[in-house]
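Quick one: the structure is below, and I'll ask about it shortly.
A, B, C, D, E and F are the chain letters, set down in written order, and residue numbers restart from 1 in every chain.
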Amino acid sequence: MLIFQNENSYDVKGKIEKSGVAILPIGAVEAHGPHLPLGTDNYLAERLAAKVAEKTGAFVLPTLPYGQVWSLKNFPGSINVSNESLIGLLVDIGISLHQQGFSMFVMINGHLGNAVALKEAARKLYSDIPEFKVLYLFYPGVKQITDEVRETQSAHASYFHACEIETSYMLYLAEEFVDMSKAITDIPVIPSSADVTPTPWEEFTRSAVLGDAKLATKEKGEKIISVALENMMALINNMRTAPKQN
Amino acid sequence: MLIFQNENSYDVKGKIEKSGVAILPIGAVEAHGPHLPLGTDNYLAERLAAKVAEKTGAFVLPTLPYGQVWSLKNFPGSINVSNESLIGLLVDIGISLHQQGFSMFVMINGHLGNAVALKEAARKLYSDIPEFKVLYLFYPGVKQITDEVRETQSAHASYFHACEIETSYMLYLAEEFVDMSKAITDIPVIPSSADVTPTPWEEFTRSAVLGDAKLATKEKGEKIISVALENMMALINNMRTAPKQN
Amino acid sequence: MLIFQNENSYDVKGKIEKSGVAILPIGAVEAHGPHLPLGTDNYLAERLAAKVAEKTGAFVLPTLPYGQVWSLKNFPGSINVSNESLIGLLVDIGISLHQQGFSMFVMINGHLGNAVALKEAARKLYSDIPEFKVLYLFYPGVKQITDEVRETQSAHASYFHACEIETSYMLYLAEEFVDMSKAITDIPVIPSSADVTPTPWEEFTRSAVLGDAKLATKEKGEKIISVALENMMALINNMRTAPKQN
Amino acid sequence: MLIFQNENSYDVKGKIEKSGVAILPIGAVEAHGPHLPLGTDNYLAERLAAKVAEKTGAFVLPTLPYGQVWSLKNFPGSINVSNESLIGLLVDIGISLHQQGFSMFVMINGHLGNAVALKEAARKLYSDIPEFKVLYLFYPGVKQITDEVRETQSAHASYFHACEIETSYMLYLAEEFVDMSKAITDIPVIPSSADVTPTPWEEFTRSAVLGDAKLATKEKGEKIISVALENMMALINNMRTAPKQN
Amino acid sequence: MLIFQNENSYDVKGKIEKSGVAILPIGAVEAHGPHLPLGTDNYLAERLAAKVAEKTGAFVLPTLPYGQVWSLKNFPGSINVSNESLIGLLVDIGISLHQQGFSMFVMINGHLGNAVALKEAARKLYSDIPEFKVLYLFYPGVKQITDEVRETQSAHASYFHACEIETSYMLYLAEEFVDMSKAITDIPVIPSSADVTPTPWEEFTRSAVLGDAKLATKEKGEKIISVALENMMALINNMRTAPKQN
Amino acid sequence: MLIFQNENSYDVKGKIEKSGVAILPIGAVEAHGPHLPLGTDNYLAERLAAKVAEKTGAFVLPTLPYGQVWSLKNFPGSINVSNESLIGLLVDIGISLHQQGFSMFVMINGHLGNAVALKEAARKLYSDIPEFKVLYLFYPGVKQITDEVRETQSAHASYFHACEIETSYMLYLAEEFVDMSKAITDIPVIPSSADVTPTPWEEFTRSAVLGDAKLATKEKGEKIISVALENMMALINNMRTAPKQN
């Protein structure tokens, strides 16, 4: 695997030209219940990035381990950075990558809270450098396989957290950081107002677990992650070959 | 060593209260000649932070691996982020750490280019939260020992780069990333104007090495780093006990 | 219905105290195919707001008719404003409403592209004035009824535009602006990459219609809108009675 | 009259080319005494814009109904937005209009407090797109006719509010929103310091009426507004024909 | 006269308490025709401030010699700074003055182009520190005396420049910088559009003189300036004694 | 000496072309003990600039007399402006100077606290206008001569203040503002933490004097300043002849 920061400046120029693709894992430091570490989203992003890089010949950049953690920022251990700060940093990184000769910048995201910042950063880069390809990937195309694999209903239509699903991801990708003996079942009733008014999660959960973490297995994780990985690779490879439409 | 992102949210609260100190390693991705990796400053910051954390009972946060690399941004492999972006992110992190119960935030910096942003972020935090102790450490108090240890004159009065000194640091702290067989001697003449007008380094060096990297040894690194570590620990411990003067 | 801008300054204070709730319709000027007007999202937001206001005793503020139209900004007639500008304005309005004595600020949104700005503005207001209740409503809770009502598949999992659904909304809420004789069927293949990389819509549609507008009927619109309205009213009424949890 | 948001995207392109001019009515929600509605400045801007559009073949954009209301922001019913937010939004709108093919952007302003933001936005647009013609119009050239028409002295050299003059405007342009039975006479002594230090109007008036609203008549309004309209049309038509001097 | 920057830090505290008032002269570097220097507005502000300070016991701060010069920025010798920069600096200065113990901050302005920035800065200070008195003075209350004194009509209703009037000011306040042998008569026709669209002055004048500078005399200057000075002193003294109304 | 603001707009264009260089003296208003005035840094910058201008044929701009005074902002008489405000203003000035035809912009700085802002402003100008030469000069190259001249050790490795050295500067350059009868000896122990954590100077000094001001002499000042001046002139002249390397 091509680890960008382990390269030296003399050799890297040619390798960038050959590879063309830089992957930035981006996660967060955030409460994930009693059984998962604060760095869960960082480990997931990092391991996913490594797998994608290996199969696509892309470079992996060092992980950006701080993310937008508004909803859980009052839980022990969470570190929150604002969308503004995150967007600024990501745009700067993107501009540098383009100047260094990369043609594609892939952000592999392990934390849903980052989605707004990643999309906005991508649009700003698109506006400044239309020919530069920028992707933001958060487990693309796993809805169907997730529905098949899961044994419990999701606590929320669009987000999941420290639950059967995310714990399974960790068991598959970073098992050494999971303590299943501490896994709990905690399926909160998320009020419908949570989608329409600012709602820090302490209003409906004490554990920050949104589901039945006890049902997590490595196999479930593998099934979903495999689909996510295939989709990521397909998206990257398609974009590599397809000319930018602008 | 207390690795913050490996903690879980249930246990971490009590541990924060007990430790009180969070260390953020911060470096950069930057050209460091043919023999040192692009991530040199990240590895140095990370390894220093680990040593300090072990001896002080502080938590180590995940490394922030992107820094202000204006001077070398046109060299292959460098990734540059602006002071504005960096300051924004650091202030956000500091605010979260304070809300999480930390009483001290120690930035261990591996890259001189970050100095302005770190100091400015610390001042902004001081203005908002005067009782929160914020340190920015870049090899404090090593001037004398460095002068004793070095065999060649420094190419510049205040900065050093990929040279006898920094390569020695790496040999001591992260030897596995150094390729001494590629080390070179390249002592550029830095024009005095470089201190008074914007001067990207390609104006005076092709290698980005400012000195004789061949003279680097693990022992030299250990001598200087030991002094730096002692000073860092003394600064942290003094600040821990001394009441904030505001 | 209480139209805020038709009140005079002498009487309004008491009425604000009695009503407590201000509704801001917010839409956009945006291409909506050959059969719907550029102001479709404004008319929808305005008419929805009027209905909600009538039944809840809320005040209706003048419509904010400019929204974030990134995706369609290159289509004839679209006017795009940035998230930054929109957030700034919405936060200012929210602060004034709170100072005027309102306890709740309800943004009724007719344009999906505004969602990020509305949520961010709501969070900023929550951070500054935690006791002030801020809602952002975009057809809440209509997924099931929409699935029942629609005859064609949606062209995209999360957005719809100028199609069977939105045209039905207009037929129910603002029929006088619809020209069904010009309605077209245009179901584009939206590439999966559109969810992961900046993709102006001209890359996959010429009409800006995402579906079969010919199938739109007033009755379909009424069915879905009725559910949306019930949900909006329930959300507002629940929040009115429930004490803010902070 | 060409109402922009009632056009459809298919037809609008050709019409823009033919018309060339977009008019944005901009007002405010602001206390206007007991006899005039909070939306007075919006109604005035809107009705003026309609008249100008009809005679010049310009498009009328939807009204921007929120303005800078610093001086009266503590009066019941006022909603204040900052110059920064307003400038941002207006510049965004202007850029879009230019991209859509308009050659002239006319802001018809009903609220003096917006004057700074409009001028600044126009200058920013001028700097970015020098060939784009941007006008900001606030009853141009009515000094003489106003002096002739008015029966009472103005309470202030440069602003008027809810008084003989503005009430006459409303009687002529939007009579249905005026309640002359509530009109009052209230000629405050405005201290000379009000021009040289921040002075919220509650320091010198309780009613927000600056004059004798009882003397207002439709005829007075018509006389002044007719001059204003003629001047607006002349300014627009002259600018249309005259080549931009840059 | 109390020149602030000539005081030492030991004595100044007591003197600030006694005086209470700080005067900031603010001007610009701007083209003023062939007979007046680029620093005209700086000299005027500085000399006015000295006279006011002498009679009121106020401190004079060092002159801020850079101003907003949008209209004349393309004329030889003009230096333009943006409203944003100017506002930022003035707010910073105001905050410091308040922290230093001043109760009043008087900006004596020699350049009309600064008016927007000064007013905005004053409002920001008012919002942050309501009890701090901030004045922005630009020849207050001289309209009548100017009309009496002048022999030629003004070229524009609200601004004058390097003309009979401003040249007379300089002859009275800073005669040593005036070269009357070069004074010219140049009364441009300023198009009415100049008040409603961004209009750099090169569109209507080559000289930057707006009037008949040849008619300027020291006596005319003295007459008008004397009134301005009296008004300034009255405003300052009234505000000193009157309690702030908030 | 060419004083920019004393030129008139008619003659200045040709003179700018001939001279090519604009010097901006920049200082601060800051506590300097009992014997030196608050404006010490302004007087030093101004007098240095005059000497440099005379020998190089450069223009001297009016002094910017407000600087970043974070460390001493709580001392009587200090006025602090933020880095952001200062950078904004300096960039604006630089852009204007370039548009006016200057090829070099030399900031002669009398206050160390401005160093960050000056360097950042220079880099922003370099990024926007690479061919425009921007210098920031703070007593360049005086380390050796200072070490020779001084009789007491410096209280700090990188800064000096109101001490033997700076007082000597003033005695040589602006003797009329120095009151040696009030000079004191006050050599504080500056804690090493002052270099690594925000440390307002009141934490270690009451006088703001960092050394033995009594030892100051005009001769010492002359010796050091002469070297500084030679270096400044050499830097300017070299940069004048050398083509910009970009």
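We adopt the following convention: contacts are C-beta pairs under 8 Å (C-beta built on N, C-alpha and C of every residue); 3 or more make two chains touch, one makes a residue touch a chain.
The UniProt protein names, listed by chain, are A, B, C, D, E, F = Creatinine amidohydrolase.
A quick note: this is a predicted structure, and the numbers were derived from the prediction, not measured.
**Student:** What chains touch chain A (Creatinine amidohydrolase) and also chain D (Creatinine amidohydrolase)?
**Tutor:** Chains touching both chain A (Creatinine amidohydrolase) and chain D (Creatinine amidohydrolase): C.
**Student:** For chain B (Creatinine amidohydrolase) and chain C (Creatinine amidohydrolase), what is the smallest step count along a path of chains that touch one another?
**Tutor:** Tracing touching chains, the least step count from chain B (Creatinine amidohydrolase) to chain C (Creatinine amidohydrolase) comes to 2.
**Student:** Could you tell me which chain lies farthest from chain D (Creatinine amidohydrolase) when each chain's centre is the average position of its Cα atoms?
**Tutor:** Greatest centre separation from chain D (Creatinine amidohydrolase) goes to chain B.
**Student:** With centres defined as the mean of C-alpha atoms, identify the chain lying farthest from chain A (Creatinine amidohydrolase).
**Tutor:** Of all the other chains, the one whose centre lies farthest from chain A (Creatinine amidohydrolase) is E.
**Student:** I'd like to verify one number: the distance from the centre of chain D (Creatinine amidohydrolase) to the centre of chain F (Creatinine amidohydrolase), where each centre is the average of its C-alpha atoms, in whole angstrom.
**Tutor:** 49
**Student:** Using Cα averages as centroids, what's the distance between chain A (Creatinine amidohydrolase) and chain C (Creatinine amidohydrolase) in whole Å?
**Tutor:** That pair's centroid distance is 29 Å.
**Student:** Using mean CA coordinates as chain centres, what's the gap between chain C (Creatinine amidohydrolase) and chain F (Creatinine amidohydrolase) in Å?
**Tutor:** Using C-alpha averages as centres, the distance is 56 Å.
**Student:** Chain D (Creatinine amidohydrolase): which residues touch two or more other chains?
**Tutor:** Not one residue of chain D (Creatinine amidohydrolase) touches more than one other chain, so the list is empty.
**Student:** Which word fits the touch map of the chains here: line, ring, star, complete or other?
**Tutor:** ring
**Student:** Under the touch definition up top, go round the ring from chain C (Creatinine amidohydrolase) by way of chain D (Creatinine amidohydrolase) and list the chains.
**Tutor:** So the chains, read around the ring from chain C (Creatinine amidohydrolase) toward chain D (Creatinine amidohydrolase), go C, D, E, F, B, A.
**Student:** Touching chain F (Creatinine amidohydrolase) in the complex: which residues of chain E (Creatinine amidohydrolase)?
**Tutor:** Against chain F (Creatinine amidohydrolase), the touching part of chain E (Creatinine amidohydrolase) is residues 4-13, 16, 29, 31-39, 42, 61-66, 69, 73-82, 84-86, 88-89, 91-93, 96-97, 99-100, 177, 179, 182, 208.
**Student:** Report the residues of chain A (Creatinine amidohydrolase) in contact with chain C (Creatinine amidohydrolase) in the complex, numbered from low to high.
**Tutor:** Interface residues on chain A (Creatinine amidohydrolase), with respect to chain C (Creatinine amidohydrolase): 70, 83, 116, 119-120, 122-123, 125-126, 133-137, 140-141, 143, 157, 192-193, 195-198, 203, 231, 235, 238-239, 245.
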